[in-house]
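Down below are the structures I want you to see.
Both complexes shown next keep subunit A, but they swap its partner, so subunit B is in the first and subunit C is in the second.
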Partner chain A sequence: MSADTRRGGSRMRLRGLVRKEFLQIVRDPSSIAIAFLMPIFLLLLFGYGVSLDSEHIPLALVVEQPNADTASFTAAFKQSRYFNPVAYADTREAEQALMAGRVNAIVVLRQDFSRQLRQADGAPIQLIVNGVDANTARIISGYVEGAWEKWLEHAALQRGQKLDVPVQMEQREWFNSELRSRNFLVPGLVAIIMTLIGALLTAMVMSREWERGTMEALLVTPLSMSEVILGKLIPYFILGMGGLVLAVSMALFLFEVPLRGSLWVLFATSALFLVTALGMGLLISTVARSQFVAGLVALIATFLPAFLLSGFIFDIGSMPGVVQAITHLIAARYYVAILQTVFLAGNVWSVILPNVLGLAVLASVFLGLTWRNARKRLE
Partner chain B sequence: MLGRIFALVVKEFLTLLKDKRSRLVLIVPPLIQLMVFGYAATFDLKNVPFAVYNEDRGFASRELLAAFDGSPSFTRVAQVTHESEIAPLIDAKQVLMVVHVGPNFSADLLSGRPVALQVIVDGRNSNTAMLAINDVSVMVDRFNREWAASHDGNLPPSHVETRAWFNPNLESRWFFLPGIVGILTLLVTMLVTALSVAREREQGTFDQLLVTPLRPVEILIGKTLPGFLIGLAEASVITLAAVFWFKVPLLGSLLTLYTGIVLFLLSGVGVGLMISSFAVTQQQGLLGAFIFMVPSIILSGFATPIRNMPVLVQDITLLNPMRYFLLVLRGVFLEGLPFHLLIQHFWPMALIGAVALSVAGWLFRHRMY
Partner chain C sequence: MPAADHMTAASPAANPPDQNALEVGGVSKTFHVGARQVQALQQVSFRVRHGVVTGLVGPDAAGKTTLLRLAAGLLVPDAGTITVLGMDATTQSLAVQGAIGYMPQRFGLYEDLTVQENLDLYADLQGVPELARGERYRELMHMAGLEPFTKRLAGQLSGGMKQKLGLACALVRQPSLLLLDEPTVGVDPLSRRELWEIVYRLVREQGTSVLLSTAYLDEAERCDEVVLLHEGRLLAQGTPAALRDTMRGRTYEIAATNIEKRALQYRIAQAPGVLDSLIQGDHIRVVMVDNSPPNLGILLPGVSGIEMAPVPPRFEDSFVALLKEKSGNEEISRAPLADKTLTDLTHADAGKPIIEVHNLQRRFGNFYAVKNVTFSVGKGEVFGLLGANGAGKSTTFRVLCGLLPPSGGTLRVAGADLRLAAAAARARIGYMSQKFSLYGNLSVVENLRFFANVYGASVYGLSGKQGTSRINWALEEFDLAPMAEYTSGDLSLGYKQRLALACALMHEPEILFLDEPTSGVDPLARREFWSRINALAERGVTVMVTTHFMEEAEYCDRLAIMAAGEILTMGTPASIKAQARSEELREPTMEDAFVGLIKAHEQQEAAA
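Let's look at the complex of A and B:
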């Protein structure tokens, strides 16, 4: 019977603490703003703003001697949605435009283009790209070669011939056949935004109590350390799940990312991720002695690692081994893999389970360290 | 007046550096992050796992596949013998791509019939998928040219000669490292400034500061200088590391580079102080720092080009000092742009800095409880 009352008492104590945290949240509106306004604001801004699909690339066309051959070639660019071609009279002018950043690439057809076209070694088409943004430069040269091949095919057809290409590449992209970058960027953004929210919600919580001395007051109550941690976790978990539901609905309905896995997998794994992110925030606020240091650590340890090391944009497999090992410490890494799979591929357990395990390990490490550190400080 | 400001600056440095933890937080993480991010941020594929499904027994397919094995972008990790094995490999992310050669590949090729090379890619990360397809198509083009040359086929009547200016090997690390210089500089200025006023307000010492003989302008200078100096020092260290460790070419002049750094620091410190003096608690200060820092990095053109954004978002980026700083950094590092071509990016940073600093100074006096 005594065990029973203890359990009942524990539930009551926990309820009291959760209520106190909720009151604190309601009276300082910044937590509510973090949980609900931040996902809307950030997802709107980034969902529309972040895209790797290059269109309307400004391109300089220099045709030194216009004729029928060159006209059919330049027409290919004018129809393309990838380019905004601008005609320049000579190469020097176009090069100046490239230097000033007005165009990203120059296509030059030399004076004797038509003559060389009918000779054995063929006519060169010169392409100069601004290589500073190497990715865009590669995309441009891919597009130009595509336009060039189409032009060749068309020209061969008009002569009644077939173009002789030994091996044709046939590509099929699974899960995202149009290679719409938004489809993988939006799930990644949800992961980054939830990392921020989770850490921001709790990063200052424990340090504030230590700094103000109210932690000592909490500790002389019958509450145990695990109850204190749970009491801090539950309200922010509920807030965070609210924000998460918002973010996922925006991804599905506003940005029309297909959801091929099931909703319950999405929410179960998200809940686990949220516990991990909140746990990291709690750990930061316990280890840092002051809100000041906790704030600094939160600034350093959350956003940039989640942005650069999660596989959100940069392929983890292409990083050097040491850096790949470090990415295993980033909770967002597991969540990005889960989200991209659940959204675009379906319930692929061979991807989901290892990543769930990774999240679970991180969550228990964060919460365990919080518990140990908080206890040690008491002595 | 100088003496008073000096005293305030000393006090600011003391609060930042006297606590071992906050000293550690200011110096160590940015340097670690430089190393980690410097290697992480690249769009160049390396050792991407792929599988081969070869139904052909001829030498031609072997010759073509040898090109894949020789490429640094790809590593062959699996051999597929039946079509049903493809899906599990890709689904589980064990391979990014499966290359499928049909049964009559070599025979058809020899008899001059067109043949197809099928490439199946995991499109979950569409950018990586596109990069892989680009790399494969370069290899196929090269194979075609060599094949046509050695089997007296028809070469196409023209060819594209591509030259990349400023970055001849198209190393994407050259593009990202100057960006990382910018990001970490922003991070450091935010660390130093975002909580500096908010903390004093929460602890009540800011009111004490206001009743000292210090004028608001002097407080402003005293609060600006530490962030500015620490930011300047860290930006210099990061620049040195980019040049000497990561071997990014620095073609432009140091004067131009430092003009950009100084103006960016002014705007960063200004916005940080503005946020900090607007906040009543440290939690609000931290929130403000995030709300400023996250969009200013994601919408700076660091990873995804500004040109791809909708016009409205492009207009919003005009308020982002980071946008200008990245253009300056890349221009000075890789293109060697002269001073006068960068003035168009200098003045907006100066303007943002001036406005933000004045608002911060005004808020010192007018936001009191």
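Let's look at the complex of A and C:
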């Protein structure tokens, strides 16, 4: 066999493998489910079902001695979209409501509210917050403080005097000015979906070939191992890009997430991440030869980290140092950073480029290891 | 990339006459399974000649698959060399793979691809030029009889069709050497015959060299040459005739009119000078240790009405002789179970129907796994269900054991209607499944204790004391005491089979269901197993057994031959064989009878 016919044969062999893979994808409901139904389900779940915003927090209001001042203050709460205030007659009753979980916090306006208000170091209101969920508790106390300051300012203005506050804080949210959690969850989800297709699905279909004994037959053909690897890379790359188009369309048109960067940057970086994910999937399949093991390993080594350690939901900056260090090994971390930047901020190269570099390093490590470990042997 | 994957300049040359298709020289191979080492092959050397069919024959765990994988370049030997068509299988594996055809045990088919798509894939992978394909496909599909099915998914083919498609895929680019790993396992005898015809046509018309592995000893006789393997060692190599001839003058058939066949077999097995004895329908086949004629007075003292006639030797005789030589001819036939705790069921209503099945049906969706099956089994009878994979044997069994509800028909087992009182019936049956249902990571004694407990604690009322005595009985009776603390997963197949049988007998069942109990074990272990079964039957235990070994069917009192969920015929082994008798075929085998029945059935189906 000359080198030339070998190359021609290579094209034929690859074509055969890719065609076979697509026929299998089309006929196997579980591939379709992982590649298309799961993304849609996840997007709908996170787009509509899960919200990290705190709005309409149930709140108990206890006014011990109603007067004009208290009425004006409670009106401020009632207007706020953050709270759903419920009036309680006394503190005991409100505490019971807190215990029962009907309210998340209690605001008590004491009898001497008006007097305290006019004293220099007065503390006219008491705030009790359910601290079980520390995050929500912080948000609530922040909101109540904000509402209190706003009301003080407002009241002072009405009385025609200037309030004596040394520093005025003016908050302004950039990039996600409406503070919609959907706007950063949905781009992050794209990373999860690509991990599913690239790593989980690919590891499982590869191990399926071992499990069903078809790999043994494939290996005893003139296929080289690089052709076997390419024969899986190409179809699942195309499938993954299809999943990307689906996810991005849903993000832009259904959830109306803004895309401030350019589409080509989004697709180019996504392609890089997909290759990294495929590398992980193929690397797993060189070790795991049953679908069960491959699925479990892929879930634990790729999917869960992409969920928890990528900054998709939990901010990496607030993780403990050790965990922060570990996130550098998680490919999704770089991709989530890129996605959130491209969607919400624009083509910020100073953010995109280092992350692209991180992805490129991981991709070459995974593919390199796959290359080294994959042997045309059964051992 | 490993160096071995690079293409080397060697080409699958025209076969030089002085060179062998395959040369195996001093090959050893060890696998590591957890902390254990399994020596799959030890110092094996043999040659496979060009243009003939060589059989790699041996029971499970003999090393057959390992050898074929080594030859295909899928494994690297620990020691020794393998030369395939003049190329080294380790360093030139890619070139070797370009020149051979290989069919793994499960045929290597993509079940979600159609017949045509499977062919296309392998044609692409093997680099068959587009122009040559049409002609080649037609030829292969015609040969495999798959022409009408090219658009069918491979997963929806029958076992025999899958096997032929697998073969077609391995042949899509004419290989010089064809390696087939147990190509005939679990397929019906007709398909087996067809496969052999295809293989011989290849050899005859295209000069292909073939190496195929098989656990069926009767298939060895169809090979031009055989390589006998046992536990990773080479036992013998030669033509089947030469191996058989060593047994000439040592084989006889004995029938007696006034002694029951199982008792007769037991007595013969104990007699001096007897190497092997088997129940064969209504007579006993005997192999002597040497070729001095046996003396009936010594063989069966005090038994009258004996007829003895010499019969031609078989390949299996020489295999058994070789194995026994190796193991020092230890006692394998045993006395009827010396079990004082087991009740003797013999005299209480012997022969009365204990299993009655009428018009049994079992449907899975639109598919009838069992349709209109009717039979009855008498107390103390050994009743066999013979058929290929997918014939409905296991489904029938599961229904009878109350594991699957029937879709239609009536059935009574041990006097209980299974639809109404499955638990009551189950207390009186023992079930040994194909895979032995042992807990691989428990020890032998723990497995026994577990099964005793299961029966004792919940269903069968084995109290603590009785349970302990049953465990002691099992350890002693099945020679398991020396390995009581061994992890059962580490036992050899023969011992696993013994343990599984012991577990199924813990609660002294009246009926024993054995689902393919001996597939894969060597002939000695199979004989030992059957001597135990015979002893149980002697004491009145009813035994139902499924098998696809034709030979095993001969051990049964009566049997039913099944195909596609139906019973084709039922009767004693002798009467079933007699159905196939004709002018050309004076002494038909069970396989001849089976093949005849399947052909007749297919013609009937086609006519309807």
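Throughout what follows, the second predicted complex is superposed on the first by the 363 of 379 C-alpha atoms of A that agree within 3 Å, B and C clash if a C-alpha of one lies under 4 Å from a C-alpha of the other, contacts with A are read in each partner's own complex, and residues count from 1 in each chain.
Basically, a residue touches a chain if its C-beta (ideal position, glycine included) is under 8 Å from a C-beta of that chain, and two chains touch if they have at least 3 such contacts.
Given the structure is predicted, the values throughout are model-derived calculations rather than measurements.
Of the two partner chains placed around the shared chain by superposition, subunit C is the only one that A:R15 touches, whereas subunit B remains out of contact. Between subunit B and subunit C, the partner in contact with more residues of subunit A is B. Using the contact criterion defined above for the overlaid structures, shared-chain residue A:S364 touches neither subunit B nor subunit C, since it reaches no partner.
Using the contact criterion defined above for the overlaid structures, shared-chain residue A:D28 touches subunit B and also reaches subunit C.
When both complexes are overlaid on chain A, the residue A:R138 reaches subunit B alone and has no touch with subunit C. By the touch criterion defined above, A:S72 reaches neither subunit B nor subunit C.
When both complexes are overlaid on chain A, the residue A:A298 reaches subunit B alone and has no touch with subunit C.
Comparing the two complexes, residues 28 of subunit A contact subunit B in one case and subunit C in the other. Subunit C meets subunit A in the complex at residues 1-2, 4-5, 7, 11, 69, 72-76, 93-94, 97-98, 100, 102-113, 117, 120-127, 169-170. Listed in rising order, the residues of subunit A touching subunit C in the complex are 1, 5-6, 9, 12-13, 15-17, 19-20, 23-24, 27-28, 212-214, 216-226, 371, 375-379.
Partner subunit A is touched in their complex by these residues of subunit B: 19, 21-22, 25-26, 29-30, 33, 36-37, 39-49, 64, 88, 90-93, 96, 109, 114-131, 133-134, 136-137, 140-141, 143-144, 147-148, 153-168, 170-172, 174-175, 183, 187, 190-191, 194-195, 199, 202, 281-287, 289-291, 293-295, 297-299, 303-305, 307-310, 312-313, 316, 327, 330, 334-335, 337, 341.
On the subunit A side of its complex with subunit B, the touching residues are 28, 30, 33-34, 38, 41-42, 45-46, 48-57, 98-101, 113, 116-118, 121-139, 141-142, 144-145, 148, 152, 155, 163-177, 179-181, 183-184, 196, 200, 203-204, 208, 288-293, 295-301, 303-305, 307-309, 311, 313-315, 317-320, 322-323, 326-327, 337, 340-341, 344-345, 348, 350-351.
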